[in-house]
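Below, chain A partners chain B and then partners chain C, in two separate complexes.
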Partner chain A sequence: MGMGFVQVTITLVIILALVKPVGSYLVKVFDYERTGLDRIFGPFERAVYRIMGVRDKEAMGWKQYLGAMLLSNFVMLILMYLVLRLQKYLPLNPDGIDNMPSAQAFNTAVSFITNTNWQSYSGENALSYLSQMLAVTFPMFTSAATGFAVAVAFIRGLIGHQDNLGNFYVDITRAIIRVFLPLSLIVALFLVFQGVPQTMQGAVEASTLEGAKQTITRGLVASLESIKHIGTNGGGWFGTNAAHPFENPTPLTNLVHIVCMMLLPTSLVYAFGLMIKNKKQGWAVFAAMGFIFLVMLATVFVAEYHGVTALTSAGVNGNMEGKEVRFGISESALFTAATTAATTGSVNNMLESLTPMGGFVALAEMMLNNVFGGKGVGLLNGLLYLILSIFICGLMVGRTPEFLGKKIEGKEVKLASIALLIHPVIILAPTALALFRPESIASISNSGMHGLSEVLYAFTSGAANNGSAFAGLNADTNFYNVGIGLVMLVGRYISIIAMLAIAGSLAAKRVVPVTTGTLRTNTPLFTGIFIMIIVVIGALTFFPALALGPIAEHLAMPH
Partner chain B sequence: MKHVSSTQLKKGDIVRVEAGELIPTDGEIIEGLASIDESAITGESAPVIKEAGGDFSSVTGGTRVASDFIVMKVMTDPGESFLDRMISLVEGAKRQKTPNEIALATLLAVLTLIFLIVIITMVPMAGYLGIPLDLATLIALLVCLIPTTIGGLLSAIGIAGMDRVTQFNVLAMSGKAVEAAGDIDTLILDKTGTITYGNRMAAEFIPVKGVTAKEITFASLQASVKDETPEGRSVVELAEKLGESWAAAQYEDAEIVEFTAETRMSGMNLANGTSIRKGAVDAIKKYITAKGGRVPGDLEEIANRIAKAGGTPLAVALNDRIFGVIYLKDTVKPGLKERFDELRAMGIKTIMCTGDNPLTAATIALEAGVDDFIAEAKPEDKIAAIKKEQREGKLVAMTGDGTNDAPALAQADVGLAMNSGTMAAKEAANMIDLDSDPTKLLSVVAIGKQLLITRGALTTFSIANDIAKYFAIIPAMFIMAMPQLQAMNIMHLASPQSAILSALIFNAVIIPLLIPIAMKGVKYRAATADKLLARNVLLYGLGGVIVPFVGIKLIDMLLHGFHIV
Partner chain C sequence: MKMTLTAIRVSVTLMLLCGLMYPLITTGLAQALFPKQANGSLIQSGDVVIGSELLAQSVTSPKLFHPRASAAKYDPTASAGSNRAVASDDYVKEIKEQIAELKKDNPTLKDIPSDLVTASGSGFDPDLSPEAAKAQILRISKTTGIAERQIEQLVDSLTQSRQLGIFGEPRVNVLALNMALLKQAKL
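The block that comes next holds the complex of A and B.
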């Protein structure tokens, strides 16, 4: 446990050390002023704008910005769907894989355009190399860039003086060219060095020691793997995701994966502070998210090390079920806490085999959906709770609540309420529906409380655009494919629409000057209240479901 | 002239009201002077004098002409008069919701919806685990969880806030105005009448070189015995306090010289030929020089010193000799400095508006402790000052009474008009002070803040309550099927029935217990936002978490102790 603790600490220190430099770099990326970087990236971007016919100086109001985002996402979604449905007839299919059925193709296309990366298929048997590139790796870049763009647009609204959120096409292009491509290139090369395959050639046949035939699938794994974590995507090339030795061969790649998925969500919070010219505010949000993350990490860490009492008495310490020996308990616990916090969704161990409280952590982080969260949208969700906290606290100091000098009034609260409401609805309602239908109950492999967790987890993962699977649930049925597909769509776009509308409304508001009567939102006191409000609202919403699932299961274990 | 029913009067009609009659509706006197008994709306029994023209020409429907008669022009249409508005305010049913109320109501509605979904979805989840759920238990849980407490009290808090304002004898035209008062960043206050008493009073008698203090005191007394102005009376008072007295008989046949704008002095000529004068320093100087007297060398210095200190110097002369100067001082009302300090702590800036010269204004400003002042202010300057503050995004409140204040009252976010003021001023304002006491604006600000705090505090309390209710009801619901959930019964409630019943009873009991807080408002002390937040979060947030745990446990003990369940 001591060694595990050291490993976890080192990883967290690396992440923390990168927050400031990367955050400052992000601010430069989305600042339209000329910088030295223009000389390197400018020519590429100008070429892209020329091809797309984008006027890069054109400013967009919130509706235009939203329109551009929805349109481009929709076009990509259709393209991805078609590639999956027609992969048999398309090139780069060395293993001769058949077309994907329509419900699963819908689910998969939605999954990757929404940055969820829920996989009801197994990559090595269900996707051609072209599909892996066009319907998986490609949207891993664009969906992450979309999330980034929306978050930056929201921040511009917070500090703006008119309804001008920037230019969506410029933001998404800059995010890809200045952040994701360079980073992915470096990480992919490192992964190749560590033994991750990167080839266009099909599977190889090998003879095992007993002389049996074994088919070893491979492909363009390193290029997918790098953006998978940098873009908090999480969808693996192989079905077993980052537990597969070709995706995550060494402890070193494991470290790089964890750092990659936490890198941008954490840095973005710091960048937020820089962009609103209130670093303390950025750190306050960071502290709140960081605190919840540490508590969650500690819970899963302790739960897994503690293991199961019944087994401990039999001489087996800790819970190693479903874990890779090369990572051990501590790296698996850290990976689990990080992948559900940053809503990446890749896994290096089987979550279903976690202790009930370990599984609880993964569920809870996705239910809160703002513990750093996915690219951009995690910050947006955090800011949603921040707005609610400001509203309640603002009233308690006797002024109409205001954030960064902008008044939070009926319209903002209405929009924030929509975003707040949608998350529990799309988790609880489909879970209830699934548990009501005998056909969908048939997909559950474990009965009882653990089975309930399986279904609850699937929809929570979809709603939070996380994509990790608890496993144990056969999600490749029409019900789950379409259901989780719709949940992912609503979970991503409704809250983005509401938040951009808030940005548009706030941007047009006058800035109220700060006085001693103004609620300061960057103090330790407010940060504490902010944490409490996140936890209390989350707890009030999900407590009954969690009580019936992991909590009851935990309490039922002999102690 | 004909008799008409008051309900048929329209804007612009001309009405004559005789002594003893009720004034039919709001209007402006266009002819006559009368004493009006306004006790019906102000509660003040002494009648006030109202006359055509000037700033005291407005009359209110429902008040009574006590003597003489007036001819008035009707200024409001039926149903829109002051009294009508008062009645509709009191009715409260058609009350317009304020932006903050709408925002809060939305949030509560969404929470309710979330709880509804939580409870409905629980049924299939429990069903999958083979646990049947009782409909009554589900409804009990729903009733406990949804924010009924605050929801039920929301309107009451709003109306109670308006009512508190009314208890201060201030009429708010809308709840919005009261709430806006809590958001005020800047207060623009008239110096005269608001910060100072407005009537200058004698503070000191200062002799010139060669004159004793007793001499100047007596000369000042003589110069003022027949002066009935407040200034004159204050001179007599001060002199008597200093031990001087006068024999009324001696002055029986004295000739009184009235103050005129031209001479700018007053006094009297005694039968024995002695002439006594007091007046503006330069006027007295001229008067003495003309008589062949000598202006004392230190007179100028004394006068300047007084002017610099914000006072008014009045020179006193006996025949051809100047004895000294009366120091007239505009006194700052007691306790104001502390109130301005409070306002500063709340982050509210105060600006004093005065027609005085900058020097005098600066002195009073310092004495009263306001943050800023506008000297030699004209009505346009007031509007300019309001607009300047508003451009910076601030909310501005001001008081006013004259017709020329009306544009500024309309421009300000919160305008408090004096009931003694003109109809135009009252129309433009969104609050009217029946006592015509401009300092009340400070209380209104506090009430506005208290209103918002009460809402925030009770919402927080109500939501925090739900935590304990979960811990009471969830284990109770499932304990039969999942005995392990007994670990979650942290209150150790006796049985599932008593747990659910206790939570329900607590829920029912807490609302009436909170009504007094909703009505009176939470305790409000002027402090910085950080301190207020810390205090209220501790009290209503943490309190809201703990109280139901204790309450539900107590009720459970009672229920169990008396073998009710």
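The block that comes next holds the complex of A and C.
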């Protein structure tokens, strides 16, 4: 446990050390004024704009920005769906994989365009190499870039003086060319160096030491794996994701995976502070998110080291079910806390086999959905809660609430409430529906309270666009494929639409000068209230469901 | 209409850039720089592929080291974890049976290496903890006639420490261990 603590601490220090430089870099990436980066990336970007037919100087109001985002995401969704449905007839299919059935292809295409990466299939037996490239690796770039773009557009709305949020196509192109592509290439090569395959050749037949046959599946794994974490996507090449030695062969690749998935979500919070010219505000939000993250991490860490009481007394130390020896308990606990905080959803251990309190952490972080959160969208959810906190504090002190000099009024609070309330609705309603249908209950693999957690986890993961699973659930049925597919779509786009509408509305508002009566939102006191409001709203909404699932299971744990 | 056309052009361009050019360029560089790893870290004996360094394979002979249990039956075309609920009476009962089984081979064992009685996450965990490997020495020594000391030295010499001295856990690769054992015993 001592060495485990050291490893976790060092990893967190590395992440913290990168927040400022990467955050500053992000600000430059999305700065439309000329910066030094133009010299390096400018010519390439201009060529891409010409091919795409994009006029990069064209500004967009919030409706146009939203329209461009929805339209292009829809086109990509169609393209991906077609690739999955036709993969048998397309090239680059060395293992002879069949076409994907329609409900599963719908689920998969939606899953990747929404940055969820929920997988009701196992890549090694359900996807051709071309599908892994065009229907998985490609949307990993664009969905992450889309989340980023929307977050930056929202910030532009906060600080702007007119309804001009920038240009969506320029923002995603910049995110991809200035951040994702170069970083992914470098990380992918490091992963190959450590043992991750990157080959066009199909599976190879091995004859084992005992003379049995073993079919070793492989593919273009490293190029998927790097963007999977940098873009907080999370969908693996193989069914068992980053627990698979071909996705995550060494403790060092595990470290790189964790740093990559925390890198941009944490830096973006700092970048937010820089962009609104109020670094203290950025750090206030960062501190709130960081605090919740540390509490969650400590919980899963201790729970897994403790293991199941009845087995500890039989001489077994800690819970290694579903974990890999090279990572051990500490690296597995850290990965779990990070992947559900950053809404990545990749796993290096089987979350279903976590102890009840370990599973609780994964569920709770996705339910809060703003502990750093996925590329861009996590910050948006955090700001959503911030707006709500400002509103509530404003009511308490009897002043019109304002944020960065912009008045928060009825319209903004209504929109924020819609975005906030949709999250529990699309988790709890479909979970209840599934538990009404004997056919969907049949998908559950573990009985009792843990079975409830399986279903609850599936819809929470879809709604939070996380993608991790209690993988015992057989989710490849029409009900779960279509149901979770719809939940992912609503979870992703409704809050984005609401936030862009808020941005458009705030952008058009006059800035009110700061006076002594202004509620200051970057103080430790306010940060404390902010944390309280996140926890209270989260607890009020989800406590009954959590009490029936992991909490009851914890209390009933065999002694 | 023009908006739709732009959306289509943007989507197709980015699809070719991120979905085709990027993975292909990465493959070219990876194959040039690290060909062995890029093709799956395969172990060959002449023309025959024996397996991959990184993937556990099924071992049933009592004369060899057994890897961790696999919910995938060590078949890489269908990776899987056990996905068992660990806080259930069934699970506790099964693990206790496993422990009893283990103690048959090794009556004096007190601290049970937890990796030896649980299934791995991937189904192909290539490693054992040094303790889990050592818990098998008595059985192997009995069935092969190789001295316990000698097998223990083998385990120690193949044990990898934490990476950079910090990250991960100490471990020993089962396939490497078995190959070394076979070489030594000329079984």
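Some observations on this one:
As a convention for this text, the second predicted complex is superposed on the first by the 557 of 559 C-alpha atoms of A that agree within 3 Å, B and C clash if a C-alpha of one lies under 4 Å from a C-alpha of the other, contacts with A are read in each partner's own complex, and residues count from 1 in each chain.
Assume a residue touches a chain if its C-beta (ideal position, glycine included) is under 8 Å from a C-beta of that chain, and two chains touch if they have at least 3 such contacts.
Bear in mind the structure is a predicted one, so any value in this text is a computation, not a measurement.
When the two complexes are overlaid on their common chain A, residue A:L363 makes contact with neither chain B nor chain C.
A count of residues in chain A touched by chain B and by chain C gives the higher number to C. Contacts of A:L525 after superposition on the shared chain: chain B is touched, whereas chain C is not.
Contact with chain B, but none with chain C, is seen for A:C393 once the two complexes are overlaid on the shared chain.
In the superposition on chain A, A:A463 makes contact with neither chain B nor chain C. Of the two partner chains, both chain B and chain C are touched by A:A556. With both structures placed on the common chain, the touch criterion links A:G448 to chain B and to chain C.
Residues 448, 556 of chain A contact both chain B in one complex and chain C in the other. Against chain A, in their complex, chain B makes its touches with residues 99-100, 102-104, 106-107, 109-110, 113-115, 117-129, 145, 179, 182-183, 185, 344-349, 392-394, 448-453, 455-457, 459-460, 463-464, 466-467, 470, 474, 478, 482, 484-485, 487-488, 524, 528-530, 532-534, 536-537, 540-541.
Note for the complex: chain A touches chain C at residues 3, 6-7, 10, 48, 51-54, 67-68, 71-72, 74-76, 79, 122, 124-125, 133-134, 137-138, 140-142, 169, 172-173, 176, 180-181, 184-185, 188-189, 192-201, 203-210, 212, 214-218, 220, 222-224, 227, 238-240, 243-246, 249-252, 254-255, 307-308, 310-311, 314-328, 331, 347-350, 352-356, 445-448, 450, 470-472, 553-554, 556-558. Across the complex, chain B is touched by residues 388, 391-400, 405, 408-410, 412-414, 417-418, 420-421, 424-425, 428-429, 431-433, 435-436, 441, 448-449, 451-452, 510-513, 515-520, 523, 525-526, 529, 532, 536, 539-541, 543-545, 547-548, 551-552, 555-556 of chain A. Those residues of chain C lying in contact with chain A across their complex are 3-15, 17-20, 22-23, 25-27, 29-31, 33-34, 37-42, 48-55, 57-61, 64, 68, 72, 74-89, 91-92, 95-96, 99, 109-112, 114-115, 117-129, 132, 162-164, 166-169, 171, 175, 178-179, 182.
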